[in-house]
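Per-chain numbering from 1; labels A, B, C and D assigned in written order.
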C-alpha cells in the first residue's frame, strides 16, 4: 500500500530522485501505471533510467544501460540535484519527528558511542534540502515516529514554519509522509505533520498508537482508495522480477 | 614506481599493493556500487596493512572486511551499509564496541564527499556546496565549515579537499601503455584518482588498443601510477559488459559478518591464500 | 513554450528565436570553436534584437556580427578574436570608437568564465578558482572578488555565477521528444544550458532514436526549452561527423568586417533574406 | 627558428598545454622529432591530441578525433590545468616586460577607451599561473618588449624574485622566452629576463636594439644550433599540411 500510495502521488510530476527499496518500487510502479513520462534519477548517475525489473542496489547495471544519460556522481549532485531541478525526492529513516526531520545516523547512546550505528546520510541531506518536494516513506511505530531525534541527518521543517527559509533550503520539504497506516501532511500554518488519510482497514486510533508523539489529526480524515487490479498486477511483476 | 609525471607501470596486484599502499596511508578504494575494487581490498588485508584512513563515499563489503581485519584506524565516508541488504556488521562492531579496534569516523553527505574529491582533483583547498544546513553533521565533522558568498552575502557550506595518499579503483580495460578506460556508472573514480598522490587501477583486461565506447571515461596513463590486470577484480560487484552483480554474495556476507567467529574464519581463509591468488568472496 | 519542467518543443528557428530571445536579455550563444550556433545568431540579427548582454567564452564571428548589427549593449567574455586569423573588427570598432554603439565589457579569463557557468549550472552564487592573482583583470571586473579558505586561510579568486536568460547552442542531433545529443569537443555547452532560464538548441537533424556515441553529451528534453532543426547551423564552424570547419570563411570575414561599408552591405543582405532562409555566411 | 627552438626545449617533458599558431607548430614538431611521447593538451578539451596537420584553430575537428580523451572546457581548466599537472604551457603576447609579464588586453589609451583592443586573456592567466613551466614565444621588437605594460593580463615574475610565491602562484613561471632573435631566461636571483642565447646570424647588439628596456645579457651568450635537416623537413610538412 505504501508503494502504491507513493506511486499515485507521482502523477503530474516530471522527475524524481530515487533511492533503493520502497522508493524505487514506487517510482517504477508510477512509471508503468500513473506517469509513463516520469524521469527517474538515481544518485549513482543514471538520469532517465528505465529499468525493467527492480534494482537491488542504486548502482545496478540496468540503470546505466537504460538511462538517457549517465553522469558522474559529482555531476548528479551539483548539476542536477543541488539547483532544484528535480521535482520529487524519496526518503526513509530510522527516526522521524513531528516536523519531518529524519535520522539515519544512529539510535541510542551518543554519536561517539552509539547503541545502534546506522549507515549514515548518503545523499539524504541534499535530497531533503533541494528536491522541490520530498516524499517520506516509513513504516509507522512509536520507535520510529519519535518525539525527539537522536540525530538530525536530514532536515524536514526544522523547528516549524519559516525554519527552512531561514536555513536557506530551497525545496518545499516533506510535503507527504506515506506510512503503512496512512498519509501525513504538514499543517499549512505550523508545518507540523498531520494525519490526513488512513489506508483501507486502518482506524485513526491505530495511527495514534503507532506514533511517539501526540499526533495531530486533520478535521476530516480521508481513506486511501484501494489498490486497483492494474496496480497490484504491475507491483507483483516488479517485485517478482527483482527476485529472479 | 613513479608519480604521475611518467607513464603508468603494468604490475601484478600483490606488487602494486605492496609498493603503493603503505601503513598509515589515507586510502580511497572508490566505486559507486559498480566497479568496486574488491580484489584489491582483499590483497590489502592479505598484506596486513595497518593504521589506514579509509576513504569512500559508500563503504560496503570491502570496507567491512578491511575494518574487521583491523587494517583501519579511521573511516571517511557518507553511507556505510550493505546496499539492498542491511548493516555492515563489522563496521558497526568497530563503532559500537571497538572490535577489533576503535574506528574514528569523519562523516559527510554524498554531495559533501563528491565535492571534496572534486576540490582535490582541482587543486583547490576546499569546495562550496548547498548542504548540511540544519543537520547535526557539521557539529561532529571538522572538515565541514561555512563560507560567505562575496557577491550575495549568502552563507554556504565549505568542505575540505580530499587528497588520498593512494586511490585504488577497478576499470574494465587498460592498454599496454597504461591508459585506463571505464564505462557504465563511472561514479567518482576519475576525481578520486586525480585527487590522489598515487593510484593503482585494477582492470578486467589489458588490450592492445582502447576502442572508444559510449559513456567511457579515459584516464591517461600519465595520471595513473600503476595498472594491474585482475579479471573479476570487482566481484561481487559488477563490471558492465563483463559480469553482473552477485546479489547472493551481498546477502551471504550478512551472515558471515554478523558473528566475529564466522568473520574470523573468513579472514583466516583469506590470509591463507597464496600471494596473488586471493579467492573470490563466496 | 514552457520552462524546463516540461519536455522541449520542436520549433522553427525563426519562431524559436522570436519566442525565446527577447530585447534586453542576457544571451549566451556558446560553442568552443566547434558547434557554434552561427545560424541562430544571424536570425537574432534578422529579428533586430536590441540591448542584449552577450555572453560567451570565445566571441568570434557570430558576436562580431551581432555587435556590428547593434544588437548588443554589453559583452561578457574571455577571448574575442577571429581564431587563427586576427582581430574581430566590429568588436574593436565598438570598443575603440563606439560604432555603431558603445559596448560595455565584462572581462574574465577562460577558467573564470567556465567556472561562472559551472556555478550557474550548480545553483551556486559563485565559484572558487586559482586565478587572477597579480593580473589587472580583477580591478576592472566587478564579478571577480576573493574568498578565504575556511580551512587553510588561503585567499582564492571568487567569480559570480552566470545565469543567462537564454542560452543558444548547436548540436548534432535531437530525437523527436527533444532529447539533445552532441559529441566531439563539447565545450561548455552543457553548463551554459543548465545555467540558463531558457534554452534553444539548433541541431543538424532530428532523428527517431539517439544511438549512443563515444564522448556524447546528452541533454534530456526536460532541461531544454526548444529544439530547431537547422542543418548547417554551425557553419562556418564545424559539426563533427557532418561537415568541416570552413577556414576560408573565417579568413574572408576579416575583409568584410574591416570596413563599416562592407559590413553594412553584408548586414543588409542578411536582413533582406526571408524569414527562415537566412543564408550562410560567404 | 622560434618553433624549432621551442620544440627542442620540449624534450624530456611529459605534457604541454598548447595554443594555436607558433606554439602548436612547436609542440607538433617536438612530438615528431624530439619527444614522440609528448602529451598535447588543447584548452578546447583534447587531451593527448595527435593531429596529423597543424590545426588553424584550437577547436579543429582533428584534435578531438585523435585525442586520448576529450573533456569539457570546465574540466580542462579545473582538473587538468589548475592542479599543476601540466609541464609546459606556451604563451605569446602583444607586450612583454623584463619580468616576463604579458599583455594581451589592450595597447594605448586606457582600458575603458583603448587605442588598440586586443582579444583579451583567454586561458593565458591560468596557463601562466599553473603550468609547471611557461615558454613564451614572441617576436622581438621595442614595441613588444616594453619597459611597462599597458595591462597585466598574465603574470610572469611580477615585480621580481619572490613575487609569484607571494601571489600564491604555483608554477615556476616563464623559464624561457624564445624570440626570433634568441632566447631569454630569468636571472636565478632577480628573475629579470636575461639574454642567454642568440640564433645563428644574430648578434647581441641586434637583440638589445629590439628590446624596449636595458636588456641584461648573460656573461657568456651561446648560439642556437642550426636547424637539422629533419627539423626543417618535418616543419615544412606540418606547415604545408595546414594550408592545403
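Quick notes on this structure:
Just so it is clear, a residue touches a chain if its C-beta (ideal position, glycine included) is under 8 Å from a C-beta of that chain, and two chains touch if they have at least 3 such contacts.
As the structure is a prediction and not an experimental result, all values here were calculated from the model.
Taking each chain's centre as the average of its CA atoms, chain A and chain B sit 28 Å apart. The mean-CA centres of chain B and chain C are about 39 angstrom from one another, to the nearest whole unit. A straight line joining the Cα centres of chain A and chain D is 56 Å long.
Multi-chain contact residues of chain A, defined as those touching 2 or more other chains: 78, 82, 130, 170. Along chain C, residues 118, 123-124, 129-130, 154, 190-191, 215, 217 each make contact with two or more other chains. If each chain is drawn as a node and touching chains are joined, the picture fits none of the line, ring, star or complete shapes.
By the document's touch criterion, interfaces exist between A-B, A-C, B-C, B-D, C-D.
Interface of chain D with chain B (complex): residues 14-15, 37, 39, 47-48, 68-69, 78-79, 82-85, 87, 130, 170.
Chain C contributes residues 123-130, 143, 145-152, 154, 156, 158, 160, 212-216 to its touches with chain B in the complex.
The part of chain A that touches chain B in the complex is made up of residues 20-21, 43-46, 56-61, 63-65, 70, 72-74, 77-78, 81-82, 105, 111, 113-126, 129-130, 151-155, 158, 163-164, 167-170. Residue ranges of chain C in contact with chain A, taken from their complex: 4-7, 118, 121-124, 179, 190-191, 194, 217-220, 222-223. The residues of chain B lying in touch with chain A in their complex are 32-34, 57-58, 77-81, 83-84, 87-88, 91-92, 95-96, 107-111, 114-115, 117-118, 129-137, 140, 154-155, 184-188, 190-191, 215, 217, 237-238, 240, 244-245, 247, 250.
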